[in-house]
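Just below is one structure, and these are the notes that go with it.
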Amino acid sequence: MSRDPETIMRSQMVRDLIGTGRRRDHRSLGQMRPLVVETGIIAQADGSARVRLGGTELVVGVKLMPANPYPDHPDEGVMHTGIRLSPLASPSFDRDLDVEATEIARVVDRGIRHSGMIDMKRLCISPGERVWGLYLDIHVLDHDGNLFDASTLGIVLSLRGLAFPNSRFGMGEDSPVPLGEMPVTLTFAKVAGELILDPTAEEEGVSDGRITMTIDPRGWVRAVQLGGCGHFTPEEVKRAHQLARSSAEVVRGSLR
Amino acid sequence: MATRGAEQGRTDGRSDDEIRPIRLHAGVLNNAHGSAYIEWGKNKIMVGVYGPRRPSRQELLRSDRALVRCTYNMAPFSVSDRKRPGRDRRSLEISKVLSEALTNAVLVERFPRTVIDVNVEVLEADAGTRCAALTAASVALADAGLQMRDLVSACAVGVVDGRIVLDPSRDEDNFGDGDMPVGILPSSGEIVLLQMDGALGPDQFGAALDLGVEACRRIHALQRDALLVRYGPERASRIEKPHFSGYEDTDNIIMDDEADPPVWGEEAIR
Amino acid sequence: MSRDPETIMRSQMVRDLIGTGRRRDHRSLGQMRPLVVETGIIAQADGSARVRLGGTELVVGVKLMPANPYPDHPDEGVMHTGIRLSPLASPSFDRDLDVEATEIARVVDRGIRHSGMIDMKRLCISPGERVWGLYLDIHVLDHDGNLFDASTLGIVLSLRGLAFPNSRFGMGEDSPVPLGEMPVTLTFAKVAGELILDPTAEEEGVSDGRITMTIDPRGWVRAVQLGGCGHFTPEEVKRAHQLARSSAEVVRGSLR
Amino acid sequence: MATRGAEQGRTDGRSDDEIRPIRLHAGVLNNAHGSAYIEWGKNKIMVGVYGPRRPSRQELLRSDRALVRCTYNMAPFSVSDRKRPGRDRRSLEISKVLSEALTNAVLVERFPRTVIDVNVEVLEADAGTRCAALTAASVALADAGLQMRDLVSACAVGVVDGRIVLDPSRDEDNFGDGDMPVGILPSSGEIVLLQMDGALGPDQFGAALDLGVEACRRIHALQRDALLVRYGPERASRIEKPHFSGYEDTDNIIMDDEADPPVWGEEAIR
Amino acid sequence: MSRDPETIMRSQMVRDLIGTGRRRDHRSLGQMRPLVVETGIIAQADGSARVRLGGTELVVGVKLMPANPYPDHPDEGVMHTGIRLSPLASPSFDRDLDVEATEIARVVDRGIRHSGMIDMKRLCISPGERVWGLYLDIHVLDHDGNLFDASTLGIVLSLRGLAFPNSRFGMGEDSPVPLGEMPVTLTFAKVAGELILDPTAEEEGVSDGRITMTIDPRGWVRAVQLGGCGHFTPEEVKRAHQLARSSAEVVRGSLR
Amino acid sequence: MATRGAEQGRTDGRSDDEIRPIRLHAGVLNNAHGSAYIEWGKNKIMVGVYGPRRPSRQELLRSDRALVRCTYNMAPFSVSDRKRPGRDRRSLEISKVLSEALTNAVLVERFPRTVIDVNVEVLEADAGTRCAALTAASVALADAGLQMRDLVSACAVGVVDGRIVLDPSRDEDNFGDGDMPVGILPSSGEIVLLQMDGALGPDQFGAALDLGVEACRRIHALQRDALLVRYGPERASRIEKPHFSGYEDTDNIIMDDEADPPVWGEEAIR
């Protein structure tokens, strides 16, 4: 965890550049990286997607399986979001990443859950006895920052066209899973006093904090997470909120 | 901030911008380098700080600053159904966001290659534990004599029946539409803890944030008071062990050292 | 684990003092430290107590929940005693304490279990199907020695007035849990050839062993544990037994 | 090798000595020092290599050579029933045999006191994952620029209805009478991976082994091709991210960077 | 993991000796070490054996207990093979041995399972509901190489005369477990270009790989495992196969 | 000590102060630096000692003495219901009390900064395993050639139907009223292992303790004998591997090295 002079100099350069409104990959501060998406890639998953957001790459697989409901929510399905920060995705993943992985999975989970994209009551098979378990597993293959936004995108795209696999469990014909509108997650890093959208790993490394917001189609905030030892003025948070709302609209439009 | 109050139905009769009763004490443990105990509504939380010190696992250290390592733990009896002991995903995440928020408050660059352990024990949980823990933790850090940039003051904002309310109770948290814990550095006004889930309309978000920040300033006054009691002109000369609040009206102190301490076994043995 | 000269000198001083019948906190060798007890402090527990024994402080919470019986004891409740040696309680708790915690929990558990304070058969709901699970959780907040005695005290006081929470589980009205007489645990350290009651952490650190006895109201021994690389002559053990019996009477009298 | 082919009923119509379609790409990850992606039948496997480097746990090191440490992991969604995340006994054993086989291929004595991490992620499993992983792993090691004695080429041999068949599919593996993964160093012809369970008659064993070794040589040609695409005269100038095969006929690429990349949020934000 | 000069010299000596067709314990290259076997040594196990193969010693205990079948094999019993590489068995067992233990247990398990010695369908009690669980536990007490062969032997001998313990579970009278013919496992190390049977720990330490084969009474191969960073020519593998077949016959004959 | 004997009903016909048959052998393992095997009633326990040596985790070390680290483990097949492998709370506690008791017996100050590992493997359990393990462990320590202050000799005392009996059997332990394992340093008579649960009347405690101490002296004689066999004038020239007792009358040794060892595979192979 010691930092050599070269790293320190490069960090300063990244900061200085952003201070003048520019970024090392020639994006403007509010610009996302190019996105490539493939879906339906895992035959044994009920839904799947591969997302490449600049140098960040991940695969999401979704499974539906009968499960027991929670006693305090007998008529609702159960949902689990997991993430694997595979050691092949970054040289810095050569250690225990429980805490990092847990935060990402939980923040992404909250955004999906509270957006209403999935009505958990529609995942009920027999109240109090049997419900659908919805397993959302994220598998990170290349880490170049902003795993939050790519993960939510991957999940949302994997859910599209999802069907209850009734036939696989001897429960009749498959039927479509009703889905609400998709949430979009947007992450900003604070560098040199500026908010930059969709930070790379390098930008995250020099940032003074990160703020992640999940926005639903009505523009409502569904999840927020400040992180990375961040400190933001209330005005910066509100500005991030405005930027997130407008960016979410653009993302949503692009994917339709 | 307009308050609409109890007639519109907060379950515990509070007005919308009213915080539950808080008791906050600094310097309550003997062994910990710094400590604080907070009762916030029915939350009961103990925080103990050790450090700066060298950890056994050297690979954790940072050459340029101290590592603030917060461990948030809930007692098995702190919630309605017994919680299995040990860390779970929720406490891992809370530990992380508390660690990050507190890192902003401590002058970590003064203590390179060390670790500052902030141990949070939730003895009873009643919604808002992370804000209560953060509020007590920064008092415990100050009590440990660590050089600090600022305290961290925290309070949650909730959405109940579409209304923005301060410091939601357990019922409001469970059946409400949203929960947004906010923590600030009071002197700069910067936000260092911010989480949210639920639903906040485009116009509500800013208002909720402002309400939370304002509440944090009220919390800050309580923190100052707690530190004044301990370190002010009439400073406590020793560790004070405040009584815990009982949950029934009856006196829950069944034996006290105010009374003559019974000298058990004395004559029996010698 | 190396010891600096100051620690060695202080240890010698503690030993020498005890050799002359005195202790650093001015207690006599057979004297317990002041005790402060609060009960009913955790609303969500079925019973609770906070015990301060000198500089040692702990909280006990008791929960009753329906559970499955063990196959070989179909008509008896199940009881679990756990302890958390929270890292805030001592600078020495900054490491894996499984072994220490396990010993304390098991010794305290045996004392409670064998004292007959709780008749496990009275915790049966439906033989072979459903029984009450009694969870005794000890949470140490400040460690200044003698966790055994403080833990038993905390459990016993938490159990007082315990009721079956039938209403919480839709099983009718709450009803009192029948309780037998309370056991008392007494721990002696051997220092400089003397037996000292209720040792502090410092005294434990210089001791040549520890002996813990749980005594029931009839004066019967219900649990014994020798520890801390201890070596005691049979006469010392018998003397500890006599001292424990008389001290237990005094403790029991004080708390009534 | 006589082939009896589809009329005798391989479920997917292959002849007995026919290998499923394979796509193999080198240099497909940005961060890993070397990488490879393989689709073999419906298997989809990504391999990333880091090293030689110093591990955090020094006690693992060998003073006379590098330690090749392969970690084989299956994604929860890679198999029919969701697999619980985390290592299990099967993946531990496969990790061990792959590590040992690859140790033969790398000039490990050139990198004493280091570790070479070979991370295998099975995204979809369809029988024969360890052979596919091993085949891709040695390409990833070459892509990392490590000095190597040879590649490792692997293919499984199966027994179905008493017949020896190459590269059994999932059905053939589940309902067949035996499975024997074989991995060789193609230049010397030496066997470095060999496992087997099921039933092979005294005369079948040698024939099956010969068939496996011969198949490995075919696999070797594919490995050479993959490395030529990346490092040959018309070498790829940058990391290529090959598309994954979709499992339906429809185009599974719903947004591509071949098209003008949409510049999201740009105008909205600045 | 560094190697001192003495170790290097001794390793060279072992290799040189084998290059001339001799071994340090005066065996020929294809000779097994003396074998001592005791059975019926653990009263609380349903079957048990102690195997000493030269300086290698292990105990196997077998238990039968009712269990749930796997959903995809409702009419078959379940079998679990475990091994404990007890730290008392070797100075090198003073560390995490999960990987080594797992490989041995799984290779031995495959040999037993695929040999047909046990027909898993005969372990079915009530299809889809209740089957016998067969637990094969190997406990290594002294490690001097070749744990594979000794483990298979120990299991096979523990299984001989095995009875369903129906009476212990209130299911009527005990009845014999039908058994097929016994498999034999043979392990060769490659040292100085030679294949040597039943290697000692020292020989394993200097070997260029290990090949293990399990052979059934008809001479069929039931399991193979190459290990220890081994590299074998196809001819060497075929030769090991021939040697394993003939050796298996001899072992089988000796034990009958 | 008055014995009331079998007519009053010990289930196995022993008198109240009678110990079950014991076989104890020193030097029974090849690799361990010291070892012992004990059969005590139906208990079958193997102990192996390594050390003094340096452990991999340096933080465990004491600068002024050796750390005696006992690991008590039960084989899955050692008890009636299969025990899940791995440590549990019971074995953790027993490991601790055995470690502490043995620390008194070894001259630990002679070996600073080292660890002495005492590995106890219970192959069959039949009540009284910790006393049997402790008895064998100190013999194994002596067999390892470690400088010792004394052995540790141990035996349990039980309460059955209100009577104090020596060395309770499994039935007596399960259905009795109390169990008190006692371990002593025979030369000084000091007690180094003492645990108890159940019920001992005020007058019974001392009597039970005396009975236990007296029994330990009998155990000590067996330990001396075992060491004499190994190290006495007619000392065993090599590791002796005693046969295990079978549980049926029939001979359980189905192949022995007393006979001409069969030279398997010899002619077949060469």
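Odds and ends about this structure:
Every chain is named by a letter (A, B, C, D, E and F) in the order it is written, and numbering of its residues begins at 1.
Here, a contact is a pair of C-beta atoms (placed from the backbone, for glycine too) under 8 Å apart; a residue touches a chain by one contact, two chains touch by 3 or more.
Everything numeric here is computed off the predicted structure, so don't read it as measured data.
Counting only chains that touch, the fewest steps needed to get from subunit A to subunit B is 1. Looking at subunit A and subunit D, not one chain touches each of them. Separating the CA-averaged centres of subunit A and subunit E is a span of 48 Å. For the pair subunit C and subunit D, the distance between mean C-alpha positions equals 58 Å. Rounded to whole angstrom units, the spacing between the C-alpha centres of subunit E and subunit F is 29.
Across the assembly, subunit B contributes 56, 59 as residues in contact with two or more other chains. Contacts between chains close into a ring here, every chain touching precisely two others. Order of chains round the ring, counted from subunit A and going first to subunit B: A, B, C, F, E, D. On subunit C, the positions that touch subunit B within their shared complex are 28-32, 34-45, 48, 50, 52, 55, 57, 59, 61-63, 65, 82, 84, 86-91, 94-95, 135, 137, 139, 141-144, 157, 186, 197, 243, 246-247, 249-251, 254-255. Within the complex formed with subunit E, the residues of subunit F that make contact are 29-32, 35, 42, 44, 46-50, 53, 55-56, 71, 73, 75-82, 85, 117, 119, 121, 123-125, 241, 243-248, 250, 252-257, 261-266, 268-270. Within the complex formed with subunit B, the subunit A residues making contact are 1-3, 95, 98-99, 102-103, 105-106, 110-111, 113-114, 211, 216, 219-234, 237-238, 241, 245.
Put simply, subunit B touches subunit A in their complex at residues 59-64, 89-90, 92-93, 95-97, 100-101, 103-104, 178, 180, 185, 188-202, 205-206, 209-210, 213.
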